[in-house]
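Labels run A, B and C following the written order; every chain starts at residue 1.
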Amino acid sequence: MMNTNLFIMCVEDEGEVLETVLRDLQMYEDHFRIEAAQSVDEARQVIEVLLKDGLRPALFICDHKMPGTSGVDYLVELSTSPQMSKAKRMLLTGQAGHQDTIKAVNQAGLDYYLAKPWKPGDLQDVVNNLLTEFVIHNEENLLAYMAILDGEKISDAMRNRSLSDT
Amino acid sequence: MTSLYRQARFFIQWQSNPTAALDEFIHKIRGKNLFKPDIFDSVEGEILFSEGQRARHLYILLRGCVKLYKTEDGVPVQVTDIEPGGIFGVMSFFSNRLTLTQAVVEKPSRIFRLNRHEVELILSDDSSLSVMGRQMLTANLMDRYAQVVDLNVRMNTINHELDQEHTRLMEAMQELKSAHNRLVHQEKMATLGQLVAGVAHEINNPAAALENAVTYMTELLPSLFSEEQKGKTELGRMFFGWGLDSAKIQTAKNRDLERSLKAEFADLKSSEIRKLVLLSDEAIAQCRKLYRKGKISELRTGLNYMEAGMQLRLIRITSGRIAGLVQSLKRYSRQGSSQVESINMFEGLSDSLHVLGNRLKGTELDMQVDPELPPVKADPAELNQVWTNIIVNACDILNDTGKIYIRSEISARYVTIRIGDNGPGVPPDLREKIFKPSFTTRNSSGNYGLGLGLSISRELVMKHGGTLEVGESTLGGAEFAVTLPRYELTSNRILAELGVH
Amino acid sequence: MNTTKTAGLILGLVGFILPFFLSLPGLSYAGHIALSIFLLAAFFWMLEPIPIHGTSVLVIFLGVLLLSGQGPLYKNAQAPLTQLTSQSDGFEVPSTAVTATNQVWIRDNGSWRAADVDIQPSGNSNVIIRSTELSEGMQIASETTHRSVNYTPRRYQDYVGTLANPIIILFLGGFMLAQGAVKYSFDKNLTRYLLKPFGSRPGAILIGLMLVTAALSAFMSNTATTAMMMTVIIPIVAQMGPGDRFKTALALSIPIAANIGGIATPIGTPPNAIVIAALQKEGIMVSFTEWMALTLPLVLIILAVAWFMLIKLFPAQISAFKTGSDVTFDRSSKAVVFYAIFMTTVLLWVTESLHGISSNIVALLPVAGLALTEVLEVKDIRKLPWEVLWLVAGGLALGLYMDHTGLATYLVSTIDWASLGGFAVIAMFAAVAVLMSNFLSNTVTATLLMPLAITIGIMQGSGSMNIVELALVVGVGTSMAMALPISTPPNAIAMSTGMVKTPDMAKTGVIIGVVGITLMLAYAILYWPLLLN
């Protein structure tokens, strides 16, 4: 396994959907640690341990309607936390009403809204784009991600970092 | 000739100036000394004769005003005014019937009263007196007749207007009725609308999982049939079976197990460990054996077959969920049949709860209703509307998190369903008001209902002899109680239904 | 810190300290210091406990500190001298004035020379010496182990000045041009424009890509060119089926072309700077045009060979590609100014032999021009790879130390080069350069080998030809090392796409290396002598 310094967190209470999302994310498991929780409370506990182990968040994929804290409220919380705010945040839901969506966009700086049900392959496309963006803006070593993420964008980003010969 | 002229002259004078003519008449009577004319003054309010008496006199009004009344249902109704010159009491006098009217003096009047003898004297007199008398009577009768004609015409006009008025009223009634129906329908549609949105969301989750599962299976299957898998059929079958029966994912519960398996099976990837977690203990033990023997590629192959089994399990579960929801929705809406039937309210309640599942996601539902409720007579679709109305109200007031309970009560003649919440409740002074149309507070998603929900719900329940009341729930909030009379199908009832008495 | 780095740190420090405990005969005190710095730098560059540019500035710092006339070590150093006064048999001097190899060091007009002497003991701790080279009144060192013996410290400005060596300025000009190209997407647009005429068949596209890559990397850094070309080939690769081996050909063609293309001009890649600076030190000036004349034919032939090799090893299944969209060059006023400066500079460089203005001076045109027109703003200037300039400067400084202290001469003198013959020497250096730089950074390889090559070249005599050829094979050879992902950054980028398997890269890298060495040798014998005379 190459670099597992970054993690992706999925928060979704319905088991069948969670299994599906995890299956979609399988292709990234060599480069990112994939974590899952079925409620926001559980997610918070898991993240506490991950941070202690020195891992950093790259992406949050959240459902909205869940027992306890809602997905949108959690995303707002994440966007204000200095340790988490750099990670990309996306909603995967069918049930955020108009007001909630506005809140997510304005207060949580939502990076993507994917409505359920999603076409097979759509989730992977979105995740690919978001992870590429994250890596370009936050990671030193981009080479490790060339094969698994958007190679074109990463090459372009590298070009703009004034690479030099040695 | 002169008598004819005189008669004509008297008649013309009588028409134009009755008082003068009467004076002449009385003068003539006095001249002939037939009798002493009974002329008296009467005061306002004096009753000259009442209804239903024997008519003994004929009255001629010389001056003032007299009104004739008829009493209908104890209420005196004015029939006509008598002017100076008018003769009254004529009909009953000559036809020897009881008086038809009551004569009441309106203004201080002077009245000339004649009895039978006096009238006979006048009419049998061979001079101009009898002619005068007859002319007066005839003129009086002509007057009366003219009045009758006039009255008839007026009555016709009034009748016609009344008819028109009646038609308009009928139309207005019709419109009101159809407006009412439309409102009821709209309320139903609004409820249904909310429901459909909720159901669509409810279906989203299994639909997403289903579509994706089918895609994975399609990708996965060819690799399971490939050449490399020859000779691994036993292994494959075993793992496939495990996959079909695997448990559902529970991240919190299984986290410790996941951690320990990850440490034990250090060479496996995270996604493979996640599969192991869902296996039974015996299955994990078998995997452990393979791993310890170093047969990692075999283990991986097995896990691939397990994946196939898991996907099939997923497909089975999600398609079942979707089918179940659609079924409940169909039962719930009973499109097109407004059938009044003998029903068990439990079924409708269950369907409504299922269809509202999405809305109830955040609330704790405590359902303790006897599944074998005695039948009541109602329209099941309408009852479902009532349940929906009450439950959605509860969800709104609880802001989608809280507790809702549902209980049933059976008495000798009634079945009651109680739905209560732990919200703020309904204060006693509002308990009747909320059933009035257009009473509305509002609604957590920012929509304003039509405000008709409860009033229509009550109507729908009362239609079948039931009641819808609100009180205090055992949790301190509001409790709505729907009570309907039991409907036993005894033989009498059956016969009554068939229209046989 | 991982084990390689720890090892590097330890070895470097050991290497630094070791010479202080040695006393290598024939090597001056200062030479030992230079050896310390050399060993430290070599291990630090090879194993990278600190970044390579860090090592480079450390080299400059240590040199200033320990070898310059203003550093603490030599600031007030005076060689202890003794004047020769005639005795009957010769001159009586302290025994410490004679080395173990029976030599004394004569100080004459600020410089030192050695003289062989016969010695005879003389009673106390003195000795009598006799030599035809000695005469009355001469000054000789009374302690031959003193640090000032056989060494005239240079000014520290000379060492620090490597940071502003004209070659550095030349590279700075190149960097500014490259930065501007990236900023205004000139590289991208030019690539797509130049690729158009090559059509859609795999072979044609491949050669087109290689030529454009080589052309660009002659003026921009090989690495930046590779990164940019990746964005061009990834969509092309996407059109191919999963089993198509041609993907590997495409992916490998870029680093190959980029590395080879960097040979074509002085500014193509930092090792070239080491070559030119080293030759300049010996008074040999190679103009931009002359460099291109020497290297371009080599570049073109290797590219052709590489293309052929790739086509044969990784044949395409796809028959034609759908090629791209329309190209729009940036037309803003700043971009136009940039194009003008770019063209002018390149034109002046390439025609240096015609007009005679040094390319280093021409390099100031983009530096000044792009900065004052704000075509490159402060934030762009900050993004320039300054550390590469330090890397080269450090390399130049090390060369100076090895030259000034006589270390270079000492190292090469252990072998009798003259007997080997020019060809064998060239072949050996070519092979060593290619081999080493497969594992080490190209610039570091050039830095470590160049002083040795130059010194041998001088020793072999026969004019400047040998020196130039030796310097060229070392410099050019380092650019032909492409067998491993660690060989060059372009290789690493190609590997990271997942389109290349290590055996493929090794195979092609070895082939190119061998072909390259062969061609260089052929050139050294047949072609370069023609030009150099």
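Going forward, contacts are C-beta pairs under 8 Å (C-beta built on N, C-alpha and C of every residue); 3 or more make two chains touch, one makes a residue touch a chain.
As the structure is a prediction and not an experimental result, all values here were calculated from the model.
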| item | value |
| --- | --- |
| By mean Cα position, the chain sitting nearest the middle | A |
| Label of the chain whose CA centroid is most distant from the centroid of chain A | B |
| CA centroid of chain B to CA centroid of chain C, Å | 97 |
| Gap in Å, rounded to a whole number, between the CA centres of chain B and chain A | 54 |
| Centroid spacing, where centroids are CA-atom means, of chain A and chain C in whole angstrom | 45 |
| Complex contact set, residues of chain C against chain A | 52, 179, 182, 187, 221-224, 227-228, 230-231, 234-235, 262, 269-270, 383-385, 387-388, 391, 441-444, 488-489, 492-493, 496-499 |
| Touch list for chain A against partner chain B, complex | 14-20, 22-24, 26, 29-30, 33-34, 36-39, 42, 46, 65, 67, 94-95, 97, 99, 116-121 |
| Contacting residues of chain A [partner chain C, same complex] | 143-148, 151-152, 155-156, 158-166 |
| Chain B residues touching chain A - in the complex, by the definition given at the top | 200-201, 204-209, 211-213, 215-216, 248-252, 255, 269-271, 274, 310, 314, 317-318, 358, 361-362, 445-446 |
